[in-house]
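Order as written gives the chain letters A, B and C; numbering starts at 1 within each chain.
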Amino acid sequence: MSRPFLEVRNVSKSFAGVRALENVSLTINQGEIRCLVGENGSGKSTLIKIIAGVYAPDHGDIIIGGKLFKRLHPIDSIREGIQIIYQDFSLFPNLTVAENLALNHEMSQRRRFVDWRGVNQIAREALARIGVEIPLNARVEELPVADKQLVAISRALLQHARLIIMDEPTTALTRREVDALFRVIKGLQQKGISILFVSHKLNEVYEIAEKITILRNGKNVADGDTSEFDRAKLIYHMTGRQVEQSRYEREAGGDQARPLLKVENLSRRGEYSDVSFELYPGEILGLVGLLGAGRTELAMSLLGLRPPDSGRIYIDGKPIKIRSFEQAVKQGIGYVPEDRLTQGLFLQQSIGRNIVVGTIDRYLNRFGLIDSRKVNGQISKWVRDLSIVTPSPLLPVQSLSGGNQQRVVLAKWLASNPRILVLNGPTVGVDVGSKAEIHRIIRELARQGVGVLLISDDIPEVLNNCSRILLMRKGRIVEEFTAGMVSENELVNKLSGAA
Amino acid sequence: MKRLPSTNEFYVAATIVLLSIIIGSINPAFFTLGNLIDLLRSSIVMGIFGLGVLMVIISGGIDVSFTAIASISMFATTKILRYYDFQGTVLVAFLIAAGIGLALGLINAVFISLFRLPTLIVTLGTASMINGFMLAFIGAREISNIPQGMIEFSKINLFEVTSSTGFVYGLPAAILILAALVVFVWFLLKYTMLGRGIYALGGDRVAAERVGFDINAIQFFIYGFVGLISGVGGLVHTCLMRNSDPVDLMGTELVVIAAVVLGGARITGGHGTVLGTLLGLFLVTIITNSLILLGIPSYWQSAVVGMLILVGTGVTAYQSKRAQASHGLA
Amino acid sequence: MKRLLMVLAILCLLVAVSVQVPGGNGAVSAAGKKYTIATVPKVSGIAWFDRMSEGVKKFAKDTGHEAFQVGPQKADAALQVQIIEDLIAQKVDAICVVPFSQEALEPVLKKARSRGIVVIAHEASGIQNVDFDIEAFDNAAYGAHFMDHLAKLMGEEGEYAVFVGSLTSKSHNEWVDASIKRQKEKYPKMKLVTERLETYDDQKIAYQKTRELLKAYPNLKGIQGSAMADAPGAALAVEEMGLIGKVHIVGTSLVSVAGKYLKSGACSLIGFWDPADAGYAMNKLAVMILDGKRDQIKTGLDLGIPGYRNLKLQGKVLYGSAWVDVTKENMDKYNF
């Protein structure tokens, strides 16, 4: 019924002798939603850039709308209707929604003066086309991520897009926003527009994709209808190995009767109120809720970054006040932040330095100087224990893949021997293989008696790893589940407040 | 989404009103037409500079060379006209000053645009180069005896009012230059693609290139134009003071930049409006021109100016941050 | 590579030494020793200190000593300290300085003296770390004489205000102190409206503050300026506001700067001393000390310069009697 819009045939590409893509083929039909999945480094971005005309393939053909392109330039790609929405959206944060949408049009008309009425007109129509309402006069930087994405999609449509490639579009979205995005994508499909959806998140892949193409190490490993793949098979193709999906159970034994951390009636105006819970040693406690439910704010309070207005915090049964990050660290609380890039790491600094930065005062010799032997010992211990894949800990952190970067953050905190570890979305943007590895590390820590508070949007992650799960809504803890007593669907529904 | 209460302009304006009420209640002389005229005339030169600084800051740059450009433009112009004993119209003086300013601004543009050097470094460099050049080749001795045409220009008032105390307050015609530049820059920023390009460049350089803006052309325009209006501003300053002192503008660049930022332009680029800039400059002018009216002893004046600027920026920043946070959370 | 660097280093040393030798020989001239003397004004580029540098140049020409003037581009205590630090490093024989702020300069002057550098100050009668301070006149007498003129212009009654270049400028404050004292003693019907105002030696600020003063004190009848920019700045405001003859201005300035306001009548009288003479006198005093003639420096000393022929010594301060009053009538006699 539908003709192929884009065909990539047997494309290969090397960079400085390293094979990034080898004989990769990809076909997207008109009005088709296809997912491109693969771990970091599997060649997804190279493939996208070849389709965009940014890279020229070493071998292979690209056929768009039946036309063969031996050498595809970016401008050809755009002219043929291919639009790519990168993770940074390439929008102007300081300009209004209307302007962002209309700027391309105005530039192409070679106007000298701005026709504000025309700008608003174009923008209104563009948003209407995907059926969303976003204030035209709002600055893009004031919008939530989901709306920015919709603006980027509308802009792509204004450029007469026939294929929209979305690179990890759901990374920063809440469940409800993802649903809205999927509705928009389905709507685009109705209009005959093809979508190439690049993602890590397996449940989303099942939800939206008709077809799946899997890349591993620069090669096609599988291609077919979504229905042909079950979860285990998909993961197997992506990673090349079987990944366990077992559930973590807290082991009995140790000082279990006494909570490690106890929070009583904690409130902070406008963020969360009357929050009480207990965290036991060796426990992984899940905390779920929509963005804005107060989860992150609560975590910040435990870390002394946003002190609560009222309520009490006990550690080992002793009431304490945490007024600063330093105090939190002293109490043995560690934190792996949501956005490791901005909060957790010094990207240009070496891996080793990042690991020891928080604990450098423990490696002083008797002159008060840094004992480099001790430091190096620590660094190699953590690189080994957390299997951080790098030729040398002297390389900058930014040379690592997302999953390895996240391990560096973990290492940094583990180096301070925390007794309580607060993890905020520890596997966001991390590929499946690394994710399993990080889960293994977290469980290992819990087995050693660390209390883990796991904040996550990734419902399977929470269900598989946590012994108890707290659900937050509008700043309050509204429900508590024991692991195994709630299904994924149930939890998703409760989360969005549908129940 | 209601925009008014979240805009920086609103808070600066509110601060101005509040401050005026306080000063006026201490000394009613603040609320006289004469005082308003004085405040306006004190704002003329700062306002001209401020417009240039605004454009640079919106584009994501920073310029600390404009006072040096202004100084050399006005000083060299005065010197040249004195040398030829020029008796004609002040327009010639403006043309020369604007020309020198434009040429120096284009030097900034070459380094910033073609060599892609950081704007702060480039303008620091050109500022000190210009100062050194002026002292070495033109001399630094102030000229108290400026050409007649320039003095005549300073004597033209749009209107004069005589206060009940018998003082004559005149609003100099030079304010028309500021007014014209205000309208021009406002129109440019709001209604021309070039102006939107300046915002786009400050918002995201890469995205601006992708959309198809010619970044080099935009930067040449910005720095050339800033140089030009700095030259004009410098000459207005000289005319109004009837005295050409090559060093007395030095150091005012930071006050102007602070005022423009106070008016809502963000150092990181992409934001800023003409209205906000004017309000910010006016607020600073009020603060520095009301200390005697307030009866603040000389020993305290610098401390009070610093404090008021901190409070002024603080209140403004805090309010707009709160306003942003409240709908950023939604 | 390393060897190349060594060779270069040795070459540099050789060059340095060979340059040094003739310099060392030249230090001794036929007339005795030849000294390096630096004069440091508050700020460069204003007429007043340009005039001073003429005196310094004349001294160099007359005597053959290496005398030069170097000052900050902006009136700023820190910049002045910096310049003196540099001069110490250059091992000059003497430093003549017109301090912007005495307090800020004391430590660096102390350092200079501890290195054997002779330090002479001007316009700083209370300064400690100097060999001598030389004043063109007794500041109290100079300040009081302005008040006598101002009182006469104002009919010995009414409101007045005073400007100083900076609150830390010793001489400006001494003039103003003496003026106010004279007013209280002799002219009880006159009234100082507000504390002394600071103009930062900037004509624009003197101008703005005058306008503001007139708003705050509409009955103001007189202004006394101290810095060179004060009188012309105030005069421009008075002229523009149509107050010539109603508000009277006196103060220290130069004809080249305030002349046009003397002519228009906006400014009634300016007083000054010739900074060229002061510069010359400072340098001459420095050479006397360097030549070991310190014992000759006492009351009655004659430096051979008009106004400095019969100096009065009080502690470390030498007073001359070198002030000049200029009005519309005699302004043509002065070309600086």
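Following the convention adopted for this analysis, contacts are C-beta pairs under 8 Å (C-beta built on N, C-alpha and C of every residue); 3 or more make two chains touch, one makes a residue touch a chain.
Small disclaimer: the values here were computed from a predicted structure and weren't measured.
Chemist: Of the chains shown, whose Cα mean is nearest the mean of all protein Cα atoms?
Modeler: B
Chemist: By mean C-alpha position, what chain is farthest away from subunit A?
Modeler: Result for max centroid distance from subunit A is chain C.
Chemist: Look at the interfaces A-B and B-C and say which one is made up of more C-beta pairs in contact.
Modeler: Pair with more contacting C-beta pairs, A-B versus B-C: B-C.
Chemist: Measure off the straight-line distance from the CA centroid of subunit A to the CA centroid of subunit C, and report it in whole Å.
Modeler: Taking the average C-alpha coordinate of subunit A and of subunit C, the gap between them is 69 Å.
Chemist: Where the centres are mean C-alpha positions, what is the separation of subunit A from subunit B, in Å?
Modeler: Roughly 45 Å separates the two chain centres.
Chemist: Report the inter-centroid distance (CA atoms only) between subunit B and subunit C in whole Å.
Modeler: Taking the average C-alpha coordinate of subunit B and of subunit C, the gap between them is 33 Å.
Chemist: Where does subunit A touch two or more other chains at once, residue-wise?
Modeler: Nothing qualifies.
Chemist: Which of the residues in subunit B come into contact with subunit A in the complex?
Modeler: These residues of subunit B touch subunit A: 1, 3, 190-196, 199-200, 202-204, 206-208, 210-213, 269-271, 324, 327-330.
Chemist: Please output the residues of subunit A touching subunit B within their complex, sorted ascending.
Modeler: Within the complex, subunit A touches subunit B at residues 90-95, 99, 103-104, 106-108, 111-114, 116, 135, 137-138, 142, 144, 292.
Chemist: Mind listing the subunit C positions that touch subunit B in their complex?
Modeler: For subunit C paired with subunit B, touching residues are 43-47, 50, 73-74, 167, 194-198, 202-204, 207-209, 211-216, 218-219, 232, 236, 240-243, 246, 256-260.
Chemist: Taking the touch rule as given, give the residues of subunit B at its contact with subunit C in the complex, in rising order.
Modeler: Touching subunit C from subunit B are residues 27, 29, 32, 34-35, 38, 42, 131, 135, 139-142, 144-145, 162-163, 165-170, 237, 241-243, 245-248, 250-251, 289-293, 295, 297-299, 301.
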